[in-house]
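Right after this note come the structures.
Next, two complexes with subunit A in common: one pairs it with subunit B, the other with subunit C.
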Partner chain A sequence: MMNVMTRTEAEVGAGEQIKVEARDVNVFYGDKQAIRDVSVDILDRTVTAFIGPSGCGKSTFLRCINRMNDTIDSSRVSGLITLDGQDIYARDLDPVQLRARVGMVFQKPNPFPKSIYDNVAYGPRIHGLVRDKAETDAVVERALRDAALWDEVRDRLQEPGTSLSGGQQQRLCIARAVATQPEVLLMDEPCSALDPIATAQVEELIDALRQEFSVVIVTHSMQQAARVSQKTAFFHLGNLVEFGDTDDIFTRPKDPRTESYISGRIG
Partner chain B sequence: MIAIAFLMLFLASITGYLVNRQAALAIRSGGTRLHSLAGFHGLYSLLLIMVPALLLILLWLVLQPVVIERMVMNGLPAGTLEGLDSGAVQLIQAEIRSIAGGRVFGTPDPWKLEAAERMNSLQGRAGWLLLTVLTGLMAAALVFSRSRVSAEFRARQGVERIVLGLMLSCAVVAIFVTVGIVLSLVFESLRFFSMVPVTEFLFGTRWEPQMPIRADQVAAEGAFGWIPVLLGTLVITVVAITISVPIGLMSAIYLNEFASTRFRAVAKPILEILAGIPTVVYGFFAILTVAPALRAAGAALGIPVAPNTALAAGGVMAIMLIPFISSFADDALAAVPRSLRDGSLALGATRSETVTKVLFPAAIPGIAGGVLLAVSRAIGETMIVVMAAGLMASMTINPLDSVTTITVQIVTLLVGDTEFDSPKTLAAFALGLMLFLVTLAINILALRIVRKYRELYD
Partner chain C sequence: MTQTDLPADLQSRGHDWASPRARANVARRRRSETVLRVVGLGAILLAFLMLGILLWTLISQGSLAFRQTHITLNVPVAAEHVDPADPAKGNYRRVIAAAMSETFPEADTTEQRALSKILSNQAQFVVRDKVVADPGLIGNEVRIRVPVSDPYDQLAKGQVDTTSAAETRRLSDVEIANFRALEEQGLISKPLNWALVTANDSRFPELAGLKGAIVGSAYALLICFLISFPLGIGAAIYLEEFAPRNRLSDVIEVNINNLAAVPSIVFGLLALAVFLGWFGMPRGAPFVGGLTLALMTLPTIIIAARNALKAVPPSIREAALGVGASKQQVVFGHVLPLAMPGILTGTIIGLAQALGETAPLLLIGMNAFVTSTPATPFDASTALPTQIFIWADSPERGFTSRTSAAILVLLGFLVMMNALAIFLRNRFERRW
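Let's look at the complex of A and B:
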């Protein structure tokens, strides 16, 4: 993993290449269609925000990108999604490997009932990213620093992760995802359980993570989308209504539905 | 008489209900708002009539025979019972009772016939007395409850209080029964310990409860050291647990995490059937199938195998415990929040990594509680070991030997002609007390663990 702080502007600018490409994605739960013909390009080293009213399919689409929908028995996905040009729904692709490359942070903090240290070391250990204790220590510290949690927990790494406060738990979950060194980080309403201070910390963190990964964030807060993202996708009733630069979406929405959602008339 | 009493009780309660309800409805149609619904006024009357009357009938049923018998025996001609021991008196009582019931054998003494007649007439009178008292009681209750009907009367709370009292008394009955059972165990054990020193019982390594049956019979002094019996129990329990825990856990994990819904729909009921098989049937299985198979296997390998091995009994007990452990582990695993599963999978863990590294550790307290409960069931299990384990108490931990268990010994000590004042039979109570203490300790521990883990995720 590269150091967050030493990346140059030039490198960030080089992230204009497409990381995840979705074409005509449809998702069904049983007979019910939750996503209709969604096509979207997610750029490398960019924060993409998914916004839209509740139940419009943001989480569903997000879960397609790391195939977490596979764990829901009734769900069925069609269409094409590629990661670095590789079809992630191809027969010979191992979803377990895919999820190591596409990390996920959930709406509700879900630390494992293990120590803080073991929570963060979980991913690196199962993927064989660390060989010995010293390496694990280093990875854990780096991930906790990246998640802006290190200073608060450096003296209590062996305490259970569940003993942290909600905001700390969420940052722990982010550290846990970051430690696995993913290429894409999916975040489903990561701040919905957090207070404004913790939210600000997480947003800062997202901005820092952008230097290394491509981040996709689902949020209900317009301000948050405007603050952290460069690209925004607006979903409505399972359709991708509008996708473009965040500035454009928030200042010059093309679709009337986008405009009324942003101005608070539908939601 | 009793049938009539119950019929009256039924009719009176219904009447009380209707009367009070009607009265309450009348108040309401008069335009006043009632505190309680009319139905509650009715119910209040119903309970007030029924509960005391029911208690009266029950009390009467218990006391009437005793009192009448006492009266009859006291009314016998003076001097008839003089010099007879209690056994003979009981015999006379029984004879009078059977004559009164119309079963006359031979030609009884005239004073017995007279006593029987007295008994019959007393019973007839007692019946009428019951009906009279009952009528009075119910009438009083009816009048009283009717007088309470008014707009402000809180019949709703009244009903609640009565029902609360009923529930409380049920709970108290359960507690009293438990205490009574424990006390009887303790007292009989104390009698045993007055004959056999506690230290000999607790630390003795010989268990030979064969006592001379007649005073002149030549036989060895009995030995009452429970250690070999305890050891036998532990051997069988250990065998049962070591076999059943891995199988039960694996099946729970498979069913919970890997099995398709279709497989689960078939496998779960089958496990439940396994749990529903009577233990006596497991006993057959142990004797007829497992034990001979073990002996044959032993013979083929050249290992001496006793006919009643601890392995056979423990193995069959393990089969009995599998569904128990499996369903406990299943519940514990299912109680782990889905978010933990998703969190692990989203980090790129496989399903088995998720199970072993996240779900299983999270579920361990619940599973441990289940296993402990299974242990206490194994220790207390009786039928399988009575049929499949041996009778000889030996100091061994070899599962291929024949061992005996606490429960088996209790059964053999108490079966057949027994007197409840020899150490042989009283030893059964001491064993029972120990068994009770051991399982109680395990259960308390298990419930503690289970409760602690429930708190974790609620």
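Let's look at the complex of A and C:
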């Protein structure tokens, strides 16, 4: 289906550039600590998978990267996260603008109850990336092509986004996220609500998106992590246990907890 | 090990589901379910019965007021009663009395005056207006159709027991005989009573209508809507989307919920003290009524709007935030449009409640006797519920049926508003 394991030298070279750097990140919800001292480097044009049992903090950490945790009143983040060397928790950085640069796709497909076209055009419009109808049309088409959805919806762009099938809806959400040309694309269990065929389509898409974006994906499925990612981080009880090349994590785990998880003993 | 104090049928582990004890248990459970169902059904039937009795009473009473007995007469306008130089100052009471002489030629002047009481007091003014408009009518006949006065209206509608002792009736045997004579000549008719909604209040029941009250209620509701809708939505958006969750916001929330349960007369007292007392606003004006009703409706709208905002799934907010929408863009671009059907439904229900509210309007003087339609919201007027209150208090028989008719009109408006709310909910409700 895919050949994610064979990478050309050029791609490796492009992927060595650090896009997001996290140092000693701690997240608290009220008094409860959800993430402990996590440090990780996310490379450009690479798929990084976060795996781990439920409640291990992988989604929480993902939501730190575009500051979605800010919307939860009781949450508090300490440590340093940079995007291209710039502190994203700096006082002068606007979280709204950050979210245009760091797109997000959620667990459940959540298109707006608007037309397919308006779903995709929404981001570029509010950020002033398009000036007129012709530009919007072009941006919408590019985003839908990026999300491998163009051929299926080109004749019905004015139909409501909610009329699509589950897998199409999720690809629409991906199109919506990539429409603002983000540098990083965060995906929070994007396939957990999809059937196997739709899952395969989205996985294929993730691999294609790697050419342009840095992708971070949270997944419950170890097979999925192995299929789509080049780097894998294993979280357990709020700690980052192990981080490395996906091949190494799944074949030669260094930590006994990682080994237990990938062999199915915890999780 | 066997527990000696256990009953014999529980000594063994396997339970016998066919034992008498188990059967009795099943029978008891089924019996109590049947009882619950019968009691529930009974409660509903009782409620419908009450509603049926209420509607039947109102309709049987009120339907009398939907028709009004009229009399058609040719009135000769003699020059001796009306001076052609100044037709407005003529003695039209005499003109009307003289008209009865055509039907009752043998009656003398005193009897004619008594006979003219069959006509509503309005008749002389109807003739005057016609003559003033066309002075050429002096010396000729004017054909008029006017309501008959209330006692004769009751007689025509069969509400007078003619067999009872004469002292107990408003009308003597002679008066009844005179009216019957008019009926035999085909001069009496009972057309639909449009005056009920096109005329203003009057002290004569046959002339009294609801126009002033309907317009007054409409003005008051408009003011109420214009104030409570934007304020309510604004407050709900702030509390639901922007306010920090702390002790203060908890206190505000509890207080808003309590305000919705405050008796309406308290709001009336508040309005009396503040709007009339401090600000010196006019007494009985629909504007003040609207402000008072807005105070009452505001908590209802805030609660409905907050619930509607809360019902918008968080995934929509996340989706919008995720593509970089600001908080304001999320609220006004996504959450509010999705919550709007719910907010509108709640608002209409709140306004319907305000439409039927009487007590606060009584306190700010909207129960005055006003015989004109308010031209602006600042003119004194009544409202539908207070008009009902006034009519229900009036002794004339004609007001009894008019009170029921007015209640039916009010109920009609309420049903229309609720139907609109249901329509909006079904039309714009979205599913996720």
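Please note the rule applied: the second predicted complex is superposed on the first by the 256 of 267 C-alpha atoms of A that agree within 3 Å, B and C clash if a C-alpha of one lies under 4 Å from a C-alpha of the other, contacts with A are read in each partner's own complex, and residues count from 1 in each chain.
Here is the rule we go by: a residue touches a chain if its C-beta (ideal position, glycine included) is under 8 Å from a C-beta of that chain, and two chains touch if they have at least 3 such contacts.
This structure is a prediction, so every number in the text was calculated from the model and none was measured.
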Partners on subunit A (subunit B, subunit C) - clash or fit: clash
Subunit B versus subunit C as contact partner of A:His236, first or second or both or neither: neither
Touching partner for A:Ala100 - first (subunit B), second (subunit C), both, neither: both
Which superposed partner A:Arg171 touches (first subunit B, second subunit C, both, neither): neither
Which of subunit B and subunit C A:Arg142 touches, first, second, both or neither: neither
Partner chain in contact with A:Lys108 - subunit B first, subunit C second, else both or neither: both
Stretch of subunit B penetrating subunit C in the combined three-chain arrangement, among 27-35, 63-71, 99-107 or 117-125: 27-35
Subunit B and subunit C contact sites that coincide on subunit A, given as residue numbers: 66, 68, 71, 73, 96-100, 103-104, 106, 108, 110-113, 122-123, 126-127, 173, 176-177, 180
Complex interface listing, subunit A residues touching subunit C: 66, 68, 71, 73, 96-100, 103-106, 108, 110-113, 122-123, 126-127, 162, 173, 176-177, 179-180
Residues of subunit A defined as touching subunit B within the complex: 66, 68, 71, 73, 96-101, 103-104, 106, 108, 110-114, 122-123, 126-127, 173, 176-177, 180
Subunit A-touching residues of subunit B, taken from the complex the two chains share: 261, 337, 339-350, 353, 357-358, 361-362, 456
Contact set on subunit C toward subunit A in their complex: 244-245, 313, 315-326, 329, 333-334, 338, 430, 432
